[in-house]
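Presented sequentially are two complexes of chain A, the first with chain B as partner and the second with chain C.
Let's look at the complex of A and B:
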């Protein structure tokens, strides 16, 4: 049983010691899955690292007790700590790709781990390794064990990592975002496996994640962290169902539900800027609606990429990223596009914006055909009418440019405003419109948080006076409360200015909140498309059904 | 306060790095000495009237038989060593810096374009770079020197020696810039801000120089310092081998070549003092380069 009491971890810095976590209390009983949830920077991972004794230098445990069974984890010599790691405490990391050695077979890695912790012969270790893989749910384990990590799929790899973690019969496993890099189908298998191991082997799990749905599905108890402190802890149904603390309540309000559509998220609006500051930008945008609502229709759009050459004499068959996609986005509506990674969602966005050249099909913006890829001239009107909000707000703004320069670029580039001073004024007003302080124009992107940067990115897109906006996973790099703010903002702007939006996301719950229509993409093919409510409540395609079934959800009764 | 310090992170690291401080001081002293050589040097080594053969082969001031006027002694022509070195460093730095500028403009331009366009253009540029890399710098210099001798009229050949040398050095250095710029550009091309600029329909030159270039300056600056040291060394090597500058307008390399004649004759200072000076200059520039690399690459800290 793991007992944490008053745990404080500090990182010395030039400006005095910085406490990453403070006075954290937690107990995890054998066989219990203890969820640890919070937004980025809350100190979740630091708790796990402190327990396993792998705090990043120069961090140190400043105070508190850490005991596993009757062992005081703080009093261990480095050698003893090394023995405890792996033997009694194991760890599962986020990315199975990097936590396995690509040059060793799964078998060698398992045998190495088993033998380094217990004194057994190689054949006995091999037998145990095969048994383990079978237990973990890899069929045909005796043969598959000879494979290298790259020959496994993502889910199999994460299973192999879990096999490594349990191979030494640990009492406690720390799982740090174990399913974040996985698609929903694989995620649900891995979560099931964790639950089974906890039950059958009586292993205590510390499950660190930002995904409240995952916690709701598997955790027995949960601790909510914020700014290095545990704010609320208890039985999962209790904490998430009847949150006592204001922060937990706000967090729960920000989680998009899968089973119904909410009007807006209940979040406090970010900056309380005077509403009139955004008037200039709002009027400018409204007067720019010289075009009517503009829809987009795709007919049999096919995108192929050259596959890597395997032979000198033959061209390999091309890889089909999009296979005869037909999609009609009604003017002034939001089309949601969901699919797992690799399904071709982003390729579709790139084809529309001209970054990728389709091999056949047609694209119509309103009633003009869009030229493909490189054949679209630099001055084609669609370059202004179609704008995009990208996934990663940390790379979508040029870090060497002032916010003012970033925002005024579309204004002079498309020739909207000739006067430099007026451009700056309009940019500042646009910032107010998206809920930021107008004086941000003088600053640089690194001075803002992810959510603020995404607001700036939205402002940049709007300053091109677009009629068609592509949002490619606009919130998947953001914390859930920030996500709610950005989604609210996009909704407001869409109603105000009648934009047509293609909203791409892997998160079905988010799409449900945003989209009028939803299309489900899989392996470059549209599996199903229809009105959002219909797709979610009576899905036609089996694939849609399984996606909906596998997405972790909270019991409806928990939500207020 | 924290914001202020973060903004001047590089300065903070600098103040806490003794090696960088010493290197910066040495480099600054040499640079100033070279720039102001005509005003601070005792004699002008290019002006035959300003020194006398009678002062030849005087040892440094702390040895017997020295003339305290000549702190580091004189060479066989009676030229003050300090003056020769200052004027030599001046020439070396002028050649090094101009070669570096040419190499940087050429290499960064080609590298950016190769990274931006990719495909066939990239392949052609990089194969040229590979060929260039396969030729030793000295061979390139000999080649250019030979061509210059062949096509230029004899009258202006002497005047153009510096230009020929600079071009030869620049040609052997641009590859570094091109490769670094290309690799960094590839990384930036996948960033969404570049895609946004391309999507807008901005001119490729604007995307390259306004959007991408500021973001890849860090690694390029490091290459610049390291290559400045290489350029100076290369110039010294070429002059030492006699391909570079003639004895009447000596750079550091020429001084070392002249000194070679006295290696075994007891007048060791004629060889060792310019050599030590060159080593100090190159090492201090390299230390500064390493320091810059650390500043720009937080992972190495």
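Let's look at the complex of A and C:
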């Protein structure tokens, strides 16, 4: 049994010690899955790192008790602590792509781990490793164990990671966002596996995640964290069903429901930043609407990539990323595009923006055909009319440019505004329109949070006076409350300026809230397309049904 | 895999052709070869006859083809200065340079890799800071100054080691080696250290940087969380993963060590290719210079090919593509 009491972790810095977590209390019994939920920076991972003794330097445990069974974890020498790691406490990391050593076979890594903690022969360790993989659901384990990590798919790798964590029979496993990098189908398998291991082996799990749906589905108890403190803790149904604390309530409100559409998200403290400041930008955008609403239609669009060459004499068959995709996006509507990773969602966006060259098919923006890839000239009008908002706001803004430079670029580039001063004014006004302080023009991207940066990215896209906006996973890197704000913003702008939006996401609940129509993509083929409400309430394709079934949701009764 | 190797080999052929072309241009266009070969007393008719005999009036492409063909057959022409075949002169000198280069490389690896690992694992230690500062001084001083300093301390003041030449050598086949006598090793030590210092620093700093990067990666943190013993964690997991970038640089550097051992060889009067090259420059011995160029290019190409093969040996992701 893990007991945490009054745990405080501090990070010394030039400006004095900074407390990452303060007075955290938590008890995890054997066989219990304890969810730890909160937004980024809340200190969830720090709790896990403190328990396993792997705090990032120079962080240290300043106060509190940490005991596992009879062992006081704070009194251990570094050597003793290292012996406990793996043996009694183990950990599962977020990304299975990076958490296995790429140069060693799964077998070597398993045998090494088993032999590190128990005095068994190599053949005995091997046998245990094979049995374990079988138990964890890898078929034909005796053979597959010889593989290197890169030969496994994402889900298989996460199983291998779990096998490694379980291989030494630990009492406690800290799972830090174990399913965040996985597709829903794989996610549900991994969660099932965690539940089974907790039950059968009586392993205690600390399940750290930002996904409330995951917690709702598997956790027995849950602690909600904010700014380094546990603000609410208890049985999952209790905490999520009848949240006592205001923050928990707000957090629950921001989670997009899968089974119904809401008008707007309730955002706790939305401040309307001087709405009049945005008028200049708003008028400018409205006056620029010389075009009518512009739709997009794709006919039999096919994109192929050359596969890596295996033989000297035969050219390998190309990899088909998009297979005869036909999609009609109505003018002024939002088309949601969902699918698992690798289904071709982003390739579709790239084909429309001219970043990849389709091998056949047609693309029509309004009633003009779009030239493919490189044959689209730099000055083709579609380069202005189609704009994009990218997934990762941390890498989509040039960190060495001022926000003002980033925002005014489309204005001079497309020749909209000749006067430099006027451009700055318009940029500042646009910032107000997307809900930011206009004085941000003089700052640099690193001075803003992820959500603010995504607002800047939206402002940049709008300053090109687009008619067609592609949002490629615009909120998947953001916390759920920030996500709600950005989605509200996009919706407002779409209604105000009559934009046509292609909204790409792997999150079905988000798409449900945003899209008028929804298309489901799988292996480069459209499985199903239709009016969003119809797709979600009476899905036709089996694939859509399974996607909807596997998405973790909260019981309806918990929702407010 | 086979495709990959073949592709690299074809690329190498093109590199070699380009270098051969440079060497040929050097030979053909830097000064008139006939004037170089004959004295003032040779008549104009004789000169013309010689020109015709040597095929110097043929079209340019023919001449280049013949030059490359001769090279492939091992016929590298004759030196202007000594009238000996260039092939023999180079072959005489190669062992000295290669032995010097390899020993310098080994010294730099034996010291550089462990030092890199140590300084990465204990980034704040006093010893780490000392090592980093010393090696920084080491690279800032030019090679010849280091050589002269070593000669002054160990050769002149202490009188422990010889200051020039190869010492006692042993003939093995056509290979004149100084690796089999104590005397030979004593002579080899100073020049090898001089040549290795720069590479040592580079190797150490690279290993350190890569190692620090890898130690932050998820798979190391996961291995740490599973309690993999520290020794295995540092060497089997972390060091192995730093190898790909490290051998790239070491490979490139080794080519450089062979090519630019000129300075060290002249400081220690080491009878290798670099010294031969210097002498050839002094006497405008263009055939030797041309061949030297080709031989060095060949080493570069060879080392890089070996490096590419090592990648494949180290990294299973390049070796095994099929996904289960």
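Just so it is clear, the second predicted complex is superposed on the first by the 555 of 560 C-alpha atoms of A that agree within 3 Å, B and C clash if a C-alpha of one lies under 4 Å from a C-alpha of the other, contacts with A are read in each partner's own complex, and residues count from 1 in each chain.
We adopt the following convention: a residue touches a chain if its C-beta (ideal position, glycine included) is under 8 Å from a C-beta of that chain, and two chains touch if they have at least 3 such contacts.
Computed from a prediction, not measured in an experiment: that's the story for all the values here.
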Check: For A:249, is the partner it touches chain B (first), chain C (second), both, or none of the two (neither)?
Finding: neither
Margin query: One more residue to check, A:118. First (chain B), second (chain C), both or neither?
Written below: neither
Checklist line | Comparison of chain B and chain C by chain A residues contacted | finding: C
Note to self: Touch test for A:15: chain B only (first), chain C only (second), both, or neither?
What the structure shows: first
Notebook entry, point to check: After lining up the shared chain so the two structures overlap, which partner does A:150 touch, if you call chain B first and chain C second: first, second, both or neither?
Noted result: second
Next item on the list: Answer with first, second, both or neither: which of chain B and chain C does A:168 touch in the superposed model?
Entry: second
Next item on the list: State whether A:410 touches chain B only (first), chain C only (second), both chains, or neither.
Entry: first
Notebook entry, point to check: Between chain B (first) and chain C (second), which does A:476 come into contact with in this model arrangement: first, second, both, or neither?
Noted result: neither
Next item on the list: Would you mind listing the overlap between the chain B footprint and the chain C footprint on chain A?
Entry: none
Next item on the list: Would you mind writing out the residues of chain C in touch with chain A in their complex?
Entry: 2-3, 6, 217-219, 221-230, 232, 236-237, 240-241, 314-317, 320-324
Checklist line | Complex contact set, residues of chain A against chain B | finding: 14-15, 353-355, 377-380, 383-384, 386, 388, 390-392, 395-401, 409-410, 413, 460, 464
Check: Any idea which chain B residues touch chain A in the complex?
Finding: 1-2, 5, 12, 191-193, 195-196, 198-203, 211, 214-215
Margin query: Going by the contact rule set out above, which residues of chain A touch chain C in the complex?
Written below: 52, 54, 82-87, 89-91, 93-95, 98-105, 112-113, 116-117, 144, 147-148, 150-153, 156, 161, 164-165, 167-168, 174, 308-312
